[in-house]
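In order of appearance the chains are A, B, C, D, E, F, G and H, and numbering begins at 1 in each one.
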Amino acid sequence: MTDHRHEYDQVDDFARLDVGREARQGMPEFVYAESKTPEQVGAILARMAARLGCALATRATPAHAEAARAVLAEAVYDPISRLIRVGAMPRLEGGLARVLAAGTSDLPVAEEAAGALDFLGNRVERLYDVGVAGLHRLLSHVDELADSDVLIVVAGMEGALPTLVGGLVDVPIVAVPTSVGYGASFGGLSALLGMLNSCAPGVSVVNIDNGLGAAAVAHRILRQLRKRHARF
Amino acid sequence: MTDHRHEYDQVDDFARLDVGREARQGMPEFVYAESKTPEQVGAILARMAARLGCALATRATPAHAEAARAVLAEAVYDPISRLIRVGAMPRLEGGLARVLAAGTSDLPVAEEAAGALDFLGNRVERLYDVGVAGLHRLLSHVDELADSDVLIVVAGMEGALPTLVGGLVDVPIVAVPTSVGYGASFGGLSALLGMLNSCAPGVSVVNIDNGLGAAAVAHRILRQLRKRHARF
Amino acid sequence: MTDHRHEYDQVDDFARLDVGREARQGMPEFVYAESKTPEQVGAILARMAARLGCALATRATPAHAEAARAVLAEAVYDPISRLIRVGAMPRLEGGLARVLAAGTSDLPVAEEAAGALDFLGNRVERLYDVGVAGLHRLLSHVDELADSDVLIVVAGMEGALPTLVGGLVDVPIVAVPTSVGYGASFGGLSALLGMLNSCAPGVSVVNIDNGLGAAAVAHRILRQLRKRHARF
Amino acid sequence: MTDHRHEYDQVDDFARLDVGREARQGMPEFVYAESKTPEQVGAILARMAARLGCALATRATPAHAEAARAVLAEAVYDPISRLIRVGAMPRLEGGLARVLAAGTSDLPVAEEAAGALDFLGNRVERLYDVGVAGLHRLLSHVDELADSDVLIVVAGMEGALPTLVGGLVDVPIVAVPTSVGYGASFGGLSALLGMLNSCAPGVSVVNIDNGLGAAAVAHRILRQLRKRHARF
Amino acid sequence: MTDHRHEYDQVDDFARLDVGREARQGMPEFVYAESKTPEQVGAILARMAARLGCALATRATPAHAEAARAVLAEAVYDPISRLIRVGAMPRLEGGLARVLAAGTSDLPVAEEAAGALDFLGNRVERLYDVGVAGLHRLLSHVDELADSDVLIVVAGMEGALPTLVGGLVDVPIVAVPTSVGYGASFGGLSALLGMLNSCAPGVSVVNIDNGLGAAAVAHRILRQLRKRHARF
Amino acid sequence: MTDHRHEYDQVDDFARLDVGREARQGMPEFVYAESKTPEQVGAILARMAARLGCALATRATPAHAEAARAVLAEAVYDPISRLIRVGAMPRLEGGLARVLAAGTSDLPVAEEAAGALDFLGNRVERLYDVGVAGLHRLLSHVDELADSDVLIVVAGMEGALPTLVGGLVDVPIVAVPTSVGYGASFGGLSALLGMLNSCAPGVSVVNIDNGLGAAAVAHRILRQLRKRHARF
Amino acid sequence: MTDHRHEYDQVDDFARLDVGREARQGMPEFVYAESKTPEQVGAILARMAARLGCALATRATPAHAEAARAVLAEAVYDPISRLIRVGAMPRLEGGLARVLAAGTSDLPVAEEAAGALDFLGNRVERLYDVGVAGLHRLLSHVDELADSDVLIVVAGMEGALPTLVGGLVDVPIVAVPTSVGYGASFGGLSALLGMLNSCAPGVSVVNIDNGLGAAAVAHRILRQLRKRHARF
Amino acid sequence: MTDHRHEYDQVDDFARLDVGREARQGMPEFVYAESKTPEQVGAILARMAARLGCALATRATPAHAEAARAVLAEAVYDPISRLIRVGAMPRLEGGLARVLAAGTSDLPVAEEAAGALDFLGNRVERLYDVGVAGLHRLLSHVDELADSDVLIVVAGMEGALPTLVGGLVDVPIVAVPTSVGYGASFGGLSALLGMLNSCAPGVSVVNIDNGLGAAAVAHRILRQLRKRHARF
């Protein structure tokens, strides 16, 4: 049987697909659109879709989306999450991720996480606008929180939401600080430090605004759950 | 009538008491023991007690306390708050300050605040070990919180407690970040930033570990309440 | 009697009003316009005004204002404070807040504080251009300062004004650092640190440029004063 | 059936056990020894052991251990991990956590993580001294890495190890930066930033030197795996 | 023989060429275009080319390039490296520099380094898209890496690539952190700290995005190699 | 006439006196004791005194002083300023420097400045305990302040004193931030930033706790005054 | 004789001139244009010119200049220093300031300093493009440097120039860090720290890019020199 | 022929020697004593010496040295560089490294670099006390500087020395910032930033106080020179 784990595929002369990434890391390579031209994003997505059957670009602008649709009629763009999706990975059984967001300004990051999880075949549910200033909105959802396999908790400003959730349920929490805030939030540093210093157990943290990174962690957790399930 | 607001009093050659401070600022000068020798602290406390009838030193070590008791039999030292008290200001009617602390490690700062408020003649109650990881301890005290004139909320690590309290009641909150924590708490910076970026209204912040500073703010608020009460 | 403290109201699908906030926190929810489209701001203000009888948006641009006026004829925009006001809360008896600003560049933040206090029904007076480089301007107003219930003191650069005021009078001071300055002011960090390290008693601090936050603290202080007055 | 989730137990007057924590958070409360006296640590451990059947203290010194052994003959101290263990939670079936450490200086943090996981009943294996400067040591263990349910990866200095591991296998990685290093490592900041900015997917981060925090995250992941296993 | 080491040449009134720089420092002065108008860049390049036979401008925009071509037909602009080249220094025998880049976003910096080395007469080869998340791409090139006289290694985000390379071969490594990344990469600070704290020997670091600076270091190393070769 | 500006003198094998420093820089070299052994400090002071007729060591401990007195009977140690003086430079006519200190904790730095100025032959007067929290102490000295040639203003915490003084008189001000404070004073950073961002004209700043550095600046100003006086 | 030291003059409703500033601080108030509209700058300059006979605005854009010229025909704008000058203060006898700049990118800041000094009536000479990478350019001017009363030394990047100059001559040096640089220059922080930590005596520092602030310090030094000259 | 590049050797149970490091990286593994007990350092040195014929420990205390000498009579300790040497690598022909230090406080770091280079078999010369405040000391050595193959330049405070040297000669410069300084030197950050922002070409930087790291870079440069020499 061929080992595809270290195979690559050259796209024109500006990119080399890491074709083996899915076999190795459990997840295909995505296109980070922010540092690429619309034409480059279109070309890489097309090659990926041809090779893998589906493709995803993150941090895409409408211009990226337009270039993608010019070469891939099935490309779908969502302006909030800034994702361009071409198809999706096969639906996976077992496991549920929930994405929480503290405020409406945190939605782009939360939707990037939720959209990527969905694209990867996972079941994902959203719970938004449950920030700590209106505590009872959150408390009314404790049972749903407890009935999840992994929680992605997105918050800016002081970033207290993951701490609260971590004190209420026993589910692993991936905390995502956002750059929402002003003044001494210092571009998300305040929320990042708050989450790293959480006094609640079970909270780990990804980079500021890194919805995709949180999705990758949650996907790996759900993936282990399915792998082990087969083995138990 | 003499205006004492700008009067000073020389203690040996190492200190000059700002005798007018109480008239001007509503509160006498205190002795910050940390940068003084035991003998200096003893001498200044003695002069203050003679001049004002009472005196308070903060951040005092047992050595400071011993030197104080050598010259002032009535000096009382509390090793948790690190306060040396000589007498107290007259009891004041009206107004209640509550001091909250998230964890037991925050007690020295909380006690510095509570002790200073008490020394200044205010009514003060304590509510400790109500950190956000055990949310229901806090929620069971909401009515007490609401029935206060000012809340001093002391917390380290991610500093989320003032935000939670600020979302539950309408009382002014003086938040005190502590240097409790390690790693990315950076000596209290994490809690400080969390409190400054609080998404709850009504929260203002003093310096890290500054229990005395919080007491001064709370004392001024209670003082206005009493002054205006007389005037209404 | 119905407890409105934990009631919410959905606005289209992009916002959920925390209707119980006033009962709980003594102040209705405001609209932070900066992260919303003009249409969203207009819609939320309209819903708030219908539900609460008045509404306020902060950090609004002229475009936000235009969209608000399109749906609410009585919406009033002030380009300095960047507030959109729709009506106001009932006038409240008793208590006076004074807002000080060090320089003309600090006016937007000071006016946000003053405008929000006024909207909330409080009596507020302004004292501007009293920075420490022209000390006698400030000293000529000491009696007015002393005759206030709470002082909001707004300053950028080195942020020394709250310290000066705190040394002159016994009123609680809410200090607001502004991002005014350049170079090593690091976006207001210099003023923020200066205020947190104030050597004067009675000073607490809110986030950089957070005029609204200072108003919320002052409003809570004045509110306690009125509540207790009734009770004494 | 009684709900123990919000039950507390007072220990003398200096601590209140959060007895419901295990029911709520899937893990009992631990004793953070660093900020407590030897006597306090001994007393709390004794009460915990009496109440829960086992107990764990972290960041303990030999003096803490001695005080613990004076009241609890079965207390066991490990000077590397600085853990005091009294008994252990019941062994749990299913799931394997592996703890990696880059260098010998990272062992105290790695052992804190491994010891806590073991105490909580999990199966845990260690893989130490696999830093990136000797890459082939790591590469010779790829199959073991892939055959784990969660990886805790501990590293100081530039903190590159989690990135490398994240590129090789599809298992969720909890990265722990350590304060090992000097100069521009700034007490672990360098490793922390390196891990947060990891270009590999599936990496989330806990606070500097927080071995216990990583264990809590891994424990929650293993716990979900077991819970869902029962349900599938 | 005249000593040109301290000779200067005035260009209009806005610049003074340090004509002796090549004799003194082994490399002529370059034009840093970023802070100059197109016309100034054109005029200085023309004067340099007239005086030295060749010239190089860095960080040039298309507008700079157009102005340069208006006065110097032979000026060549490369939009990726942002270099304007007029001729080149004589080809030099002996010595090979290799430039590695972790990802496609790092290309502008890598190309600035490679282009400047080439302009200075050195033999330079490129090896791009060999980031640590796809480790086997890098490992398949170890022999080429070892067969170089100096390696310039360009990476953003966590900046782990120089550490990996430094552990694999015995060649001096000039590490260049790039500002590629977001959130807690803090404009390249994360990669910079990662490289400074490298646990691999033989790595030194230049400023963030400073491809030219790395080229200057590599050029000096190659130059010594040629000088000493003549002498041995 | 011999040019002594670039002459050096070897002391054993651990130091080389820059004998020409006074001719070149208007001030002899001083001994920074902090990083030297008592014996080294004694030996260098002895050599300096022999060569220049006088000598000064800064940041000296009692142990340094004892070693100095063992070889130089006339060495005088002051424990507050931590200076060891051996003789002094000739008294200079004309010019007066005044050193201000905000609080008693700032005295070591202020005394280092005052002592060094005195050693260099300048007339210096002290004005201590004039911090901004007791504004009238400062205001009562405005005429003295105005009647100085240069002011050294020493303050910690928020560092507001130089700004105040700069607004009152037209004398050049050398501001010295001290590391006095705690929490968010971050070792003097708060005072440093406050002084750099001073809104008053005529303020320049030296390093934190650098009393000697301020004395050197003031000495150069007084020196110019005397030089020019001769020339006018 | 009237004391004008604390007199003010209202300009429309947006500014209040501190008319007494010259009497008090030795220098009139300037207009900081950056935070004002063209019309406001024009109006304040007109009022100042009417009241004081001359006026200066800093950080002015061409739009500010146009508005100024519309109301004041004699307003002169210099696009490099960004100063708008209306007349000038009377020429002053005695004293020479020299302004040094390390590179051409530092000219705007150097010219702001030189232009302001000239406006204030001082004699000022310029010495530009004398950065440390071409050391002999600087060394060839040592005699001129020594023959100055005060030196303003402007530099970005590593900010080493003031240290070099401070080691060569005995004149007081006002160092001005500029935000010139990239990457780890962090907007001038690198140069600022370099200057504050200068190992040469006689260097004090003003804020990043603060040419005007340096001019104010130099003007005060020259002013003392003239005052004392009259008195000697 | 056996490939030793990936061979390891276990020392008791606390360390695993990377025996292949010399073959791979051109330099054996060293013992970083700071985080090890005296006994561990002795045991590892003994094993290394047995296996490789020589060994080196860095950052060693006298206690480490004593333990080493107890097991290895030929171990030599130098208290300034804090190196323990057991034998040395064979002398290598060709190539000269020079180590410069700005001040006497920088000697420990400079000696660590020089001692390690010497141990590795290289020819190394020292040039100390050539800081920029006494510029002519440095200038009198320019010919020696130019006649070197690589320069290690060690400096604290503002870290300007590498910039100066880089402007004078064409040799590659490895800059080492030291933590020498106080206040705003922030533990060497000031020197580090100064060196990274050097305006002179050919300067690269290692971590603060990292003398050993600089030696490794210089050793690799000299090694290439010798390798290529054989090949030319």
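Here is the rule we go by: contacts are C-beta pairs under 8 Å (C-beta built on N, C-alpha and C of every residue); 3 or more make two chains touch, one makes a residue touch a chain.
The shown structure was predicted, so the numbers you read here are calculated from the model rather than taken from an experiment.
Participant: Taking contact as defined at the start, I'd like the list of chains shared as neighbours by chain C and chain E.
Facilitator: Touches both chain C and chain E: A, G.
Participant: Select the chain at the greatest separation from chain C, using centres from the mean of Cα atoms.
Facilitator: H
Participant: Over half shared numbers or under half: where do the identical copies chain A and chain E land at their interface, same or different?
Facilitator: different
Participant: Could you pull out the chain whose C-alpha mean position is farthest off from that of chain A?
Facilitator: If we average the C-alpha coordinates per chain, F ends up farthest from chain A.
Participant: Express in whole angstrom the distance between the two chain centres, defined as the mean CA positions of chain G and chain H.
Facilitator: Computed value for the inter-centroid distance: 45 Å.
Participant: Counting in whole Å, what is the centre-to-centre distance of chain D and chain G, each centre being its mean C-alpha position?
Facilitator: 58
Participant: Suppose each chain is reduced to the average of its Cα coordinates; what separation in Å results between chain F and chain G?
Facilitator: Distance between chain centres, rounded to whole Å: 26 Å.
Participant: Among all residues of chain A, which ones touch two or more of the remaining chains?
Facilitator: Correct list: 133-134, 166-168, 183-185, 189, 192, 196-197, 200-201, 207.
Participant: With touch defined as at the top, which chains are paired up in contact here?
Facilitator: After working through each pair, the chains in contact turn out to be A-B, A-C, A-D, A-E, B-C, B-D, B-F, C-F, C-G, D-E, D-H, E-G, E-H, F-G, F-H, G-H.
Participant: Chain F touches which residues of chain B in the complex?
Facilitator: Its residues touching chain F are 5-6, 8, 14-16, 18, 21, 32, 34-36, 177, 179, 187-189, 192, 207-210.
Participant: Enumerate the contact residues on chain E facing chain D in the complex.
Facilitator: 102-103, 131-135, 157-160, 163-164, 166-168, 181, 183-186, 189-191, 193-201
Participant: Considering the complex alone, what residue numbers of chain E touch chain H?
Facilitator: These residues of chain E touch chain H: 24-27, 94-95, 149-150, 166-174, 192, 196-197, 200-207, 213-214, 216-217, 219-221, 223-225, 228-229, 232.
Participant: Provide the residue numbers of chain C that touch chain G in the complex, in ascending order.
Facilitator: Going by the criterion above, the answer is residues 104-105, 129, 133-134, 136-137, 180, 182-185.
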